[in-house]
Structures are given as C-alpha cells and as structure tokens.
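In what follows, structures are represented as structure tokens.
Each of the two complexes below includes chain A, the first together with chain B, the second together with chain C.
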Partner chain A sequence: MAEIKSHIGTQNKKGQTYTDAWKMMNEAPRNPSFYTGSEVIKEALRRASCDVMIAYPITPQSEAAALIGELFAEGYIGDYFRGESEFAVMSQCAGAAFGGARVFTTTAGPGTMRAMENFPMWAGARLPIQMIVTCRGINSPLSIQPDTIEISYLLNTGMLVWHAETAQDFFDWILKGFMVSEEPEVHLPLALCCDGFFVTHTKDVVNLTPADMCLPPYDPYRSPVPCMDMECPPVRMMRDPFIMKSNYISYATHASWQQEIWAAVERSRKHTIKWINGLIETENTDAEVVIVASGTAVSQGREAIRLLEDEGVRCGLVKVKSLRPWPGEEIREATKNARHIFVPEFNVTGWLAKEIKATIPNSERVHAGPHVCGGMTMPPEIIVSEIKTALGLRSESLAGRGS
Partner chain B sequence: MSKERIKISPDLYDIMPSDYQDLVQSATYGKEDRGWKDIGTSKELIEQHSLCAGCPESMAFRYILASLPNPEDTVMVGSTGCTSLVFPMVAVHNIHSLFGNQNAIASGLKRALSVRFPDRVKDVVVLAGDGATVDIGLDMTLQAWFRQEKFTTICFDNELYANTGGQESGLMQKGFVAKMAPVGKLFDKVRLPEIARESGCHYVVNCTVSKPSLVEKVIRNSVLIAREIGPTYIQLYTPCILEIGKNSMEGLQEMRDSEKPTERFAYKEYISEPAKQLLAELAAKDKERKAAAKQLAGKA
Partner chain C sequence: MTQYRVLPGPEHFLPPAAASMGIYLPNPGEAHINGVIVPEEKAYEEAARQFLMAQVPTIFPGPLVLWAWNEKAAKKAAAVRKLYDILKECVQPGQKPMLIPMPDYRPKYPKINPEVEINPNHPNLTIWHNKIDCCMFIGVHCHQANLSLKIIRGGTSCYTVAMCAQAGHEDAMLSFRDASVEKILKLGEWIRKLKGTVKPRLTTAKTSASN
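Entry: the complex of A and B
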C-alpha cells in the first residue's frame, strides 16, 4: 500500500498548496468574481485535486464539461476524455473510482436517464464519485429546457443528492461534497443537482477561494472496501458467488448490504450538516404560511414572499439543500407552526411535495404547487396567486390560468 | 504489489484459510517465467470454481491465470455471465459492475492506475463472455479500441448466452437452433476479430483453448503489447458443453474439432507492425537472458 501521509502544506505540480479543506472553505479569504454557473464549476474543479474527469456533450452541461477539459490541458486534472455515451461515461467513472481516483463528471436530463443503471452500482460499490446534474426535461417531444423531474429518479439509488439554488452553492458544495462523500463511514457517490440554464447559463457574483489553494488529494486506502489496484492482498472475496444462489445466506447478504448503503446515507447526515451548515435553511418559520422549496424555486419563493409582505401576508421559507440524506426532522420542526405549506416545483409530478407529505403530520396542510414544467419559468406572481387563492384572498387573474 | 504484502502475521497464521496460506507459500506472483507448466507444482490463482463439470471455460481460466506476465500488478475486469461465477475465487483484484460495460470500466481503471502509478506497470485485462463483448457491450468494446486504450480484451466465445440458459447470441453460428432463435439463427456469426483489427487492435487472435502452450503465448503477447502499444483482442472458443448437448469429457474434442483448418476456430492471428517490432525486441531480450543464464550455469 502506498505510504499514507499528510499532503497538507505541500505543493502540487501547478504550484497550488494542498490546504486543510475546512480552513480553505471557511477561513481562507474569498475573492468576488462575476461568472456563469458553468465557469463556477470549472473554478471549483481547479481547486478540487481531481484525478479523472470524463465528459460527454449534452445541453446544458456541455460548456462546463468542455471548460474542465481546458483545466486538464493546463495540467490541473490527472486525466480527461470524452466517453461515448452517458452509460459508458458513468461506467468509466466507476472504473476510475475502483482504481482509487477522485472522479468527477457532469450530465443532464436524458443523459442521467441513459446512465441510470450505473447509479445503484456506484452506491453498492461504495464509489465516492461526484456527478453534477444540470437538470433539464427528459420528456418526449424533445426538450432541452429546465425541468427537475430527473432528480426524483435519483432519490432511491443510494446516492447522496443535494440541490443547489445558486452558483455560490455550487462552488462551495462541489468542494465540500468531496469531503462528505469521501468520509470512510460514508463513501458514497454524490449527485449535486442544479436547475439547468437558470444556474449554468446566468452570471452571478460568486466568492471564490484563493486559486493557489486546493483540496488534499483523495486517499483510496481510507475506503471501507478494497481499492482495486493490487496494492492490498487479493483475498478470495467469497466462497460462493452470491449471484444465482437461491438460499437464505444469499438473501441475507444482499439485504444487509442494501441496508448498509442506506445506513451510510444516514451516517452522512452529520457530515453534511457540518459542511453545508444544515440540511435546510429557514426564514420566519413562525408564520402561518410557509414555502418549502429546493433549487431555484427557492429564489422564486423569496420574491413571492416579498410581494406578499407588501400585501400584508407574512410567509416563511424553508430551503431544502439536501434531499439524501432527507431532512425529515428539520422539515417537521420548521413547519410545525404552519397552517399552509406551499411547495413550488419545476416539474409536473411534484416529487418534493410528496416527500414532504410523507414526512410531516397533518399532511393536508401541504399545497403541492405551483408547478411549472417543460422549461417554463416560475414568476413569483404565480406563487403569490396560489397562496392567496388557498387563503381565500382575492387574487389578480394571471394570463392563461383563468380566474 | 510486492509479495511481502500478502504475508501473514505469524500470530494469525493458523486461523487463515488454507487456500490463503497456500497462496502465500507457493503462488507464482513475481515469477519471471511463469506459465501453464506451473500448474500442479504451485498454488494456482484460481481456487475452486462453480462451473459445470468439464466446462472448457474452467480450463481457459486456469491457463490464462497461469500465463499473466505480471499478476501481482494486474487488475481484471469481468462482466455478468458464467465468468462472474468464477471471479470471486480469483486471486488478482477483479471488478464486476454491470453487464456489458467491462471495456468502459477498464478504460477508467487503466487511466486511474496510470495517474496514480505513473512510474509502475499496472496491467488491466478484461475477460467477458460473447454476449457481454459483442452484443450488449459492443459499443464500449469498440470505442475502447478506437481510443487506443492500453488493455487486453479477452472474449470467452461459447456462441450463446450460457448463464441464462442458451439463448441466441451474435457470435452464434448461422442456422443454430436455440432459445430466442426458434427457427435457427438467421444471420452470420459476427466477425469480431476482423472488426477488432479494423478498429485499431494491435494484436488479434482467434483460437480455442485446447493447447495450453498456445494460450500461454497468446495471453502473454496480448498483455505485453497492450501495456506498451495499444489495445489487443483475444477470442477463445470455450464451448458450452451443456447447451450443445455434449458430455463433461467431450469439451476438449469439441475444441479440437472446431480448430481444424476449415473450421471457424482455425488459428488466426493479426499483429500490427509496431507490435511485431515489440515482440521481436522481447524475443531478443529473452534469448540474451537465457544465454546469460546458461553461461552462468556453465560457470557454476
């Protein structure tokens, strides 16, 4: 086994200093920069000590994936190539992670769906790969527009799933995500999601950590399962392969391993809370009306709250940052005073509202909406109208929605 | 990996399984001239397996594992099928993840090992069935070759889906009646060795596993060429005696019958120019080494 030593304070070949991750993220000076979301992904990766990145074009993540290629050409990434499809890319990511590399990739919409068979395999093999999901529509007829429905398919894969609202979330969570994912007691992949275009293609001021600091390298020998590099004894893994065996030992083995994956998701809770400062953020949760949302629906919710305040309606806000681990206890607490809970979402099925309904008492308080989908924007006025209608207040009629 | 790494603490020696004790004492990790002739006098890198009695695949596994030039630094990648019943009993690190993605896994793996161990040799060898290689995984098989990924792909060609009970596969012969080919297979056996050559493989061999010395040479060449130059492809006939209605002792004869000059597994080989040059260099070095050893033995 390669010698385990601290790299903190030493320099990589680009002259960046391996820095204690907590200090880098929480104490190092920040530099405000005006960047698109895609550029922010690149800047996060510049500081991530990433060994392997594998790319494939699909809107709206293509720009970020190509920008990371530029980082590779500059020498910041160990290896980089374009795979042949998302299914292949996610398998290539798995191969690199089995071989002990810190691995990063990006995908979106139909690409996420095409690759889906890989995700439970990643979790089951305890591979701490980070995958950016810049959500877009997956429906037919073809759409490339923002839509968050693909997140719902990721929720039961055993992956950690976070939903960023802003480019700043994105920058911080990419780097912090590696720290949570790679904890020996977690060691699971992370799907770091954002709403495509709204975050990837808009510019925002983002406070970056110094470019001459980077994360400590990944140490594959802290993994709870052996790294496949022939640097530790190649013991026979099992006396009989469990596949094909129809007996109690086989069932028990598979059952306990699945339970272990979800126990690892559970164990990620304390690390996630520490690194991203809680699974949710709240404002004014003593109000009778509360909006619970994730992603850019949170931003639209904030605007709606401002409009409602002008009309004398006080409304609280819950921003859900992590979907796996699921902040059940936090949401129960934050909504305990609410008589009406609104869940605005950028998808047609309302998966977040369903999760919340399954979590809190008196779930009839949950108004699953408003929903937009297929690339529609969500003007705050729609949220205001939904809330006022539910409260029995007179609401201006909105174009296309009747009165 | 150094052989030191698999040594057992004396305090724990007696509680280790006997197959592990054997591995430490007499496996051929690091032996320069390892080959099929070590079988019987050393601990093989395959423990008991759960294949059918007389399955030619088990012979193939034993010869391949005895022939890897560098097993102490080799990682193997498998796929779903009969081979996945064997890999848990193989004493080199190996990966099973999904069905058909083996060449994608190997691409990522080889690159990760190259990033992590830039100054050391780490060989990657894919071993999968014909369904995984040619049907469900063909895209990833070919794309790894197009990209010139430096690893060996070995296909165990039993001309059908054996593990699921004998369904038609792309490498099945035309006209063969099987499950999912109820009136006989309607199209020709896919000519993957030729496709491999056109796709950029530097060493391609199509043969059976009836002769262990031949398997040894082919496997050794394929790994050494992949390490230095680029992708290599070996297609080995390992008939499924169960599904073609043969008895346990008839596998070897089936292979001998199928490798006659006019048959579909007559020995075929393609070697690219750079690969030929490498093999010539290796042969010259080998000759030099043997001559030096002989001289040394003469002096002694």
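Entry: the complex of A and C
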C-alpha cells in the first residue's frame, strides 16, 4: 500500500499534536467543561483533523454548524462552506470524500429526509463520512421539537447508526466514530444521532481531551475502493454498463455489491465494541423487568428505575448505543431473564421496540412504550406508570382532568 | 459460533457474504482457512498445498501491485513475479500455472478477453475459460476483491486465496492479512518446501463439470 509516513507525534498548523487515537481517547487527561451539546460538537471537531465540513441551516443543528464555521475561521478545519440544500450538502460531502478527505456534516429532521437519496449512495460508495443527526419531528404540521422518527429511515441505508444519550457520548463518539468508520474493511458512513434540543441545547459537564491533541489524519490510500477514479465504479456512477444493462451479470454484480455493504456493517462490529466499549450497556439484567432504550429515553429510564426502587420494584436497564451494527446477541443475552421488557421511545411508531421484538425469543414480553412524540417530554413517571400497570400494581393517574 | 464455512462452490445462485454468516476477519499474526481463524504459518502451508494440488493455479494481481505508483508497489510486483516463477518451477507435468492481471475495475462490454484479464464484475468468465481451480488475489482493492470472491464462490468450484494488504477477506477460502513483500516470498518458500510432496488434482469429473 501507500508509503504513508506516520504522522503520530508531529504537529499540524495549529500546533496540535497528531496523537494515537486510542491513547488520546483512553489515556490522555480529561478536562471537565460545562458545554451545550452543540458546543461539544465543535470541541470534538477541533480535535478531529477534519478536512471538510459542509453546512446547511436547520434546527436544531444550526448552532453546531455555525460553531464549526468558527473553527474554520480559526484554522482547524480544512474547508467549510454552505450548500444549497441538504441534498446538495450530502452530495458535496460525497464529492469531498471521493477525493480522499475526512468529511463531517450535521443535519436534522426534514433535512435528513431531503438528503435521504445520498445515504445509500455514501454507503455503496464506501465513503466514511460522519453525519451528526440532531433528531426532530419530520411530518406536517411542522415541528422543530425532539422526535427520533428519522432514525428509523436511516437503519436500512447501509450506514453505521449510533444513538448518543449524553453530550459526553457525543464528544467521545464523534472522535471514535472516525476510527471505526475509516477502518478499511468497514469504510462506511456513520450517522451519529442524538435527540435534538435535549442534547444539543442543554448544558452538561463534559470531560474533554486536551485541545492540543488531535486525531491522526485520514489515510485515503487504505480505502477499499480506488480514490477518485472516474473510470471505475463507484465514482463512475451513471452511464455505466454494469448499472444500466439488463442482464444476469449486471444484476449479480449489483447484488454482490449490496451484500458487501452489509458485510462491512458486520465487520464494524468488533471495532465498535472496542471503541465504544460494547454495543450496549446494562444494569441489573437479572431483574424480571427491564427497560431497553436508546438516546435520552435511557436517561428517563434511569430515573424511572430510581422511582420504582423507592416503591420496591426492581428493574434493569439496557442502553442501546449502536443500532447498526445491531446488537442482536447482546440484547438476547441481556433480556433472557426478563418477563417484561419496556421500550420507551420518542417517536410514534416504536421502531426500537419492533427491532427488539424481531430479535428476542418470546417477543410478547416486549411492551412497546411508553411513546411520546412531536416534541413532548417523557416524564419518568409515565414509564413508572406503564410498568406498574403491566405488573398489576396500582398506578396514580398522571394526566387526568379534574380528578 | 457460526457453523458456516467458506468452501469452494458452486455455492448458490446468490451466495451470502461470509461476514453476514458470522465469519470474522483474522487479527494481526493470524489468517483464516474456510472461515476458521488459524495461525498465519498454517495458512502458508495450506495455500502452498492448494497451489500445488491445482491443475491451473493462477495469480490475479490487481492495480495496487500492477502499477508502480510507489516504491512498495513496485517491490511487491517483483515479489509476485518471483512467486509465479517459483510456482512454475515447482508444479508437475500437466499443471498449468497462470498469471492473469486485473488491471482495473471498469465494466467492459460486450465482454473482457478472458485469456488476458480478469474483471471483478464477472470474474467467472476468466475462471471458466481457463479452467482455473485455484487462484490468489493480490493488490486488488478490498471492496472489489470481496465482490469478485463472492461471485466466484457462487458459480465455480475454484479455491480462492487472498493475499490482502489490509484486514483480509472472509469471502476467500483462505486469507492472509497485512500482505508484504516478505509474506509473498514466504509463500514461495512454502511452495518450494512442499514441492514433490503434494499430488496434483489433475482432470477430474468435478473440476471439468463445474468449470
């Protein structure tokens, strides 16, 4: 392969030292800082040796996109510009990644949907672009408020999909995400999702790595497809006989290509487990009642568990960190003792509950809820109420009128 | 633990990607044979044995070693040529070693010339035409190699070996990882070492039927 001189230990133009990513994330001292999720995205990008960031405003990611513009002005990002729309942004991200750049972008809600055609294209072209998705409502009537429905549309694009619970997850996973998705046998885009506003616009203490350390640069010569070869797929997209012809060979090639994308998702499993310390986190999974959740529903689940403990009900917790690769075996193992599995979600369809039902034996154990959507909060009390009702325990009315 | 094994085909109308069947790639210092992780040393022996058993053992060098785009590529190309020379020197009468390049990945229509090249989009044309029953990919970009290895497994009985410069290939029946000049030459040493000890699989009903 290419004669790539190791950059570790050398400095970039901002005086940051290219540092072994494992040491930077796991051994370097951390500095506690009080930041919003949007500010945390900026701070992660400061350390990410990012070549290109392309922005388009849409709530609730606009602040993060603007803050990264400041980073560009400070000289931490190679290039930064605004696209004409989310579709244009994601297409431009593809162009930059085809050219061998480490590429980052952010979007949300209707922006994710508008750009959707690009995501299977990114995955099929094996472009390790990282996209932050600050989830919000997508349907009419318009809502800019938190809602995780858009994640369900991303699950079958061939992208890696992670769901952060906290700003700390966000900071760590942005940096670790590049390490996973840029592995040559993976080399897939990553949708790093969070619940908009709850994470992006609230402040939290986040332990940051030193600002004078940064990730090693991306090495495009390790890509599993040729970089910017206009004659060969995947860059040669249209007018291409193997895509446009109708014959067995064309179909078989395309089928094998699709399989390879999903094989790469599978290969990401061991790297994801290594970098984010497992696809799930668990607490008290010997309990008969277990909450399985992702994103900020995990935080609400934790509080519900504390309230239930006060009432003598013991409840376990499974935090799903990675949705693609999907932690099927881990969830089967973590829920094997559970008689009741509750899946609180910030969306109307309950896509996480459906995934879990398709994964575990005796899926009638899954209670798909509680659900809230459209920007509603999820008070821990409604999780408690749902669990107590299912267990046949008396539960106080939470939203009665005049009672 | 998966029961799936990566074996010579023809496996299926559309065989699955081995990674989707629970086959994992080897870690540094390891290789895999049929999807089972083994010490690298064992894989050298098995690859050499497969080459010496085959009627038409063939090396498919890809663009990463065919073009002298850096010094290391040029050295690897020389090592591949040396491996081919060793193979020719070690086979028995009736065996026909070949060196057929995969110069690029362009779809070519109406079809490629299978006597002079192999193409990842329809590799079986070259396998079938030359009755290749054991091949080794080297210097092929990983995505294109997997694409091709899967199609070969689906439609031929050819034994596939991957000498991969990155993390290896589950879709080959035998795969090395972190390929270097030293590893290519070490395979050559193993072929020399086993010379005369392996009975060639000359024309059989199975190979002639499936090729």
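Methods note: the second predicted complex is superposed on the first by the 384 of 403 C-alpha atoms of A that agree within 3 Å, B and C clash if a C-alpha of one lies under 4 Å from a C-alpha of the other, contacts with A are read in each partner's own complex, and residues count from 1 in each chain.
By our rule, a residue touches a chain if its C-beta (ideal position, glycine included) is under 8 Å from a C-beta of that chain, and two chains touch if they have at least 3 such contacts.
Nothing here was measured: the structure is a model prediction, and the numbers come from that model.
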Q. More chain A residues touched by chain B or by chain C?
A. B
Q: Report for A:C232: first if it touches chain B alone, second if chain C alone, otherwise both or neither.
A: both
Q | First (chain B), second (chain C), both or neither touched by A:A255 | A | second
Q | Partner chain in contact with A:S91 - chain B first, chain C second, else both or neither | A | first
Q) In the superposed arrangement, which partner chain does A:E27 touch: chain B (first), chain C (second), both, or neither? A) neither
Q.
I'd like to know which partner A:E309 touches here: chain B for first, chain C for second, both or neither.
A. neither
**Q.** First (chain B), second (chain C), both or neither touched by A:E74
**A.** neither
Q) After superposition on the shared chain, which partner residues are touched by A:E117: those of chain B (first), chain C (second), both, or neither? A) first
Q: Go through the superposed model and pick first if A:E288 touches only chain B, second if only chain C, both, or neither.
A: neither
**Q.** chain A positions touched by chain B in one structure and by chain C in the second
**A.** 1-2, 226, 229, 231-233, 236, 240-241
Q: Flag every residue of chain B that touches chain A in the complex, lowest number first.
A: 1, 5-6, 17, 19-20, 47, 50, 72-75, 77, 80, 84-85, 87-95, 97-98, 101, 104-117, 122, 139-140, 143, 147, 163
Q | In the complex with chain C, residue positions of chain A that touch it | A | 1-3, 126, 183-185, 187, 222-226, 229, 231-233, 236, 240-242, 245, 249, 252-253, 255-257, 259-260, 262-264, 266-267, 270
Q. Chain A touches which residues of chain C in the complex?
A. 14, 16-20, 24-25, 63-64, 69-72, 104-109, 120-122, 141-144, 146-147, 150-151, 154, 165-168, 170-171
Q.
Per the contact definition, I'd like the list of chain A residues that touch chain B in the complex.
A. 1-2, 51-52, 54, 78-79, 81, 83-85, 87-89, 91-101, 103, 117-118, 121, 125, 226, 228-238, 240-241, 243-244
